[in-house]
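In structure tokens below, several structures.
First subunit A sits with subunit B, and in the next complex the same chain sits with subunit C.
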Partner chain A sequence: MNALLAVLWKDLVSEWRSRDRLVAMGVFALLVVVVLYLAAPPGAGPEARAHVPGLLWVAYLFAGVLGLNRAFATELENEALSLLALAPVERGFIFLGKALASFALLLVVEAATAVAFALAFDLDLWPVAGRLALVAALGAAGLCSLGTLFSAIAVRTQYREVMLPLLLLPLLVPVLLGAVRATNALLLEGTLPWPALQLLLVTDGVFGIVSFLTFEVVLDE
Partner chain B sequence: MSLVLRTRALEKRFGPLVALHPLDLELAAGSALAVLGPNGAGKSTLLRLFAGLARPSAGSIEIHPEGGSRSFRRRSVGLVGHASFLTPTLTTRENLVLAARLFGVEAPGEAAARALAAEELLPVAERRAGALSRGLAQRAAIARALLHDPKLVLLDEPWTGLDARAAARLSQRLAAEKGAGRALVIVTHDLGRVVGLAERALLLVRGRAAWLEAAAVRDTATLEAAASAAVARMESAR
Partner chain C sequence: MTNEELSRNSSLLRSSTIGLGVCALLWAWFVWRAPIDSMQGPIQKILYVHVPCVLGAYLGFALTAASGALYLWRRDERWDRLAAACAEVGVFFCTLVLLTGPIWAKGTWGRWWTWDLRLTLTLLLYLVYVSYLLLRSFTEGSERAARFGAVYAIAGLAVVPLNYFAIDLAGGRTVHPENLGRGSLGAGMGLPLALGMLTAVMAFAYLLVRRLEVSELRAALDRAQADAARSEM
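Right, the complex of A and B next:
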């Protein structure tokens, strides 16, 4: 547990000082909002708003992948990753520390992006804010747990920037399915469908456990 | 003195390339082994195997006492590698506190302060690691490697980047650490540095190991002559 907190602290302090991941993720997500706003201004009516849940997750997904691509890239300088590999701790806790840091950053970007979407498309998110935050957090958890594992794999490959999305995106389909369906129902009908939530919970659980257990193999050599 | 490290037929291959041919080795507490050899001989690979950063292709590595858990083995080893392993955005002190926390050292802040003082790094304690000179980063790496009181200290070119005073102090410190019962494995091209510090020298050439006679590590000229002759012998035997 101490290792989890140490790694989480290291990543958040490093990010606070450099802000390279947060800025890249935030700018990308806001650019998506701006492009979509220009393509379908608020005057376009409810048809345009019907696409918002899917578009919101396009922004979340690619901003998340952008951030995850940098999650281990920063460890390459001075071979800082070797310190984590040398540490006499359960590798799963190192994984959790890294995943939680990415999760925290993605939550910040998701909140800012949701506000930007609401302003651009004249949506009143306030009545569903709590439930939307829950769905966004569950989607981010799935993305960050599997993304952290694959980021650790991709960082040691020659084409790491390309490798991460190639490995990650196909496996994220269940997370996206659950997240988009839940967000869709929430924004259009004001309800949160249990099957979509269930899918998110199950995939998060599976991805989290698999990543926790297999991180040792990934980190060691 | 009790045994700290033992390898049996330790071997490392990268695909068809044999980086390290089968090696048997024993190292006792309070002793030092110099690992010499030309570039690409497999010296750093050997240290990475000892540190647990690479897995053997065949054979075994035992860190004594035997039967210890994996985390016990990791806690027993301190590594100074080619790179410093420091996070550039953290200060020198924060890097040491991080290492102390990862290695389960009690009172990480105090341990980091002691390590900073031992390497005379207190004036740069609040400076970010990314802004440290090569020599200062190397001293911070040494402080980090010794912070958790390891039984086996692995050093890959530890004098690199150090000025004359810091290099002399490092030699003194390593002698003191050895005197305190730590086992040292020192990879170096600077043969003069290990004379008087190491009792034995292992020469690696293209992954093949040869022991130099103990008498060879008594003075620099003899060691250089013995190493050159052994390299020539091993190269011609290929």
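Right, the complex of A and C next:
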């Protein structure tokens, strides 16, 4: 447990000092929102706006992958990753610390992106802000748990920046579908469907357990 | 490998190639002779290729994850070679599934692709295992590639039931024909399909053994080169 807090604290402090990842993710998410609006501007009727909530998740996903790509890149300097692997602690807690740090950063970026998105697509998010934050957090949890595991793998392959999305995106479909369905219902009907939340909760649980257990092997050098 | 082993291997190769060839010819003959479906016409005969290939693809993917798990448990590189070979053969069969399916769909449904539950699941599984092969080829060091590959194959299989519920929830209409049950095929259609299944399993085993031989020869070459480098020092 101490290892979890130590890794989380280290990652957050180093991010606070440089703010590299946060700025890169935020600016990138903003660019994605602009590109999405220009590529697929919504019409006026409810039919024409049905795809809008899905676009929000495209921005979240791209920003998340960009941030996760950097999660272990900094650990390669001065052999820090090897030292982490040598630490006499349960490696699952190192994974949790790294995943929670990425999760915290992604939540900040998601909040800022939601504001930009609401302005660009003329949406009133305020009445559903609390429930939207819950869906965004559940989606981010699934993205960060599997993303942290694959980031630790991708960083030690050739073409590391390309490898992470190739590994991550085919497996993220349940998170994406659950989150998009919940956001769709929330923004278009003002309701939060329980089956979509259930799917997100179960997926987060499965991804968390698989990543916690297999991280041990990934760090084995 | 001694000369005796080499000659035994080449005679095994010859007899297994002949066995597979005979089975494939018999299957092709029975497919040719099978009755034309009264509703769909000749295009229905793609079933005799498509369904056996599905068996080969799923067999390959399930065995990849199982061999990967066994590798993590025993740390014996033979399990890893088996996992890599199963993934390659599985991707080959799945490619055939994804080529034959749309040809049938265009003739029957009038469109190449639909986001049906079963189609989407198969496509996602295909992408997972193509990524698995990319991961292995982009990772330096056989031990590291084996570990990373095993973790990815296990995670890939864990997602299958989640995908099933997710696509179902998203309203993926199931338009794909149901699993073939007893009596769902017309008279004279069972035998060519059964022969197709047998040929697919034989082809799977044949390709798998060939692929394993290649990786064993490659490993032997690596060992010989390492020995030669050591003796020069």
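Just so it is clear, the second predicted complex is superposed on the first by the 207 of 221 C-alpha atoms of A that agree within 3 Å, B and C clash if a C-alpha of one lies under 4 Å from a C-alpha of the other, contacts with A are read in each partner's own complex, and residues count from 1 in each chain.
Note that contacts are C-beta pairs under 8 Å (C-beta built on N, C-alpha and C of every residue); 3 or more make two chains touch, one makes a residue touch a chain.
From a predicted model like this one, the values you see are computed outputs, not experimental measurements.
Of the two partner chains placed around the shared chain by superposition, neither subunit B nor subunit C is touched by A:19.
Looking at the shared chain after the overlay, A:78 reaches subunit B, while subunit C stays out of its contact range. By the document's definition of touching, of the two partners only subunit C reaches A:199; subunit B does not. By the touch criterion defined above, A:167 lies against subunit C but remains apart from subunit B after alignment on the C-alpha atoms of chain A. By the document's definition of touching, of the two partners only subunit B reaches A:86; subunit C does not.
Of the two partner chains placed by superposition, subunit B and subunit C are both touched by A:220.
Common to the subunit B and subunit C contact sets on subunit A are residues 220-221. Residues 2-3, 5-7, 9-10, 13-14, 17-18, 74-75, 77-80, 82-90, 220-221 of subunit A are the ones that touch subunit B when the two sit in their complex. Every residue of subunit C that touches subunit A in the complex is listed here, in rising order: 72, 124, 127-128, 131, 134-135, 138-140, 144, 147-148, 150-152, 154-156, 158-159, 162-163, 165-167, 169-170.
Subunit B makes touch with subunit A in their complex at residues 51-55, 70-75, 77, 79, 81-90, 94, 98-99, 101-104, 128-130, 137, 144.
Interface of subunit A with subunit C (complex): residues 146, 149-150, 153, 156-159, 163, 166-167, 170-171, 173-174, 177-178, 180-181, 195-196, 199, 202-203, 206, 210-211, 214, 217-218, 220-221.
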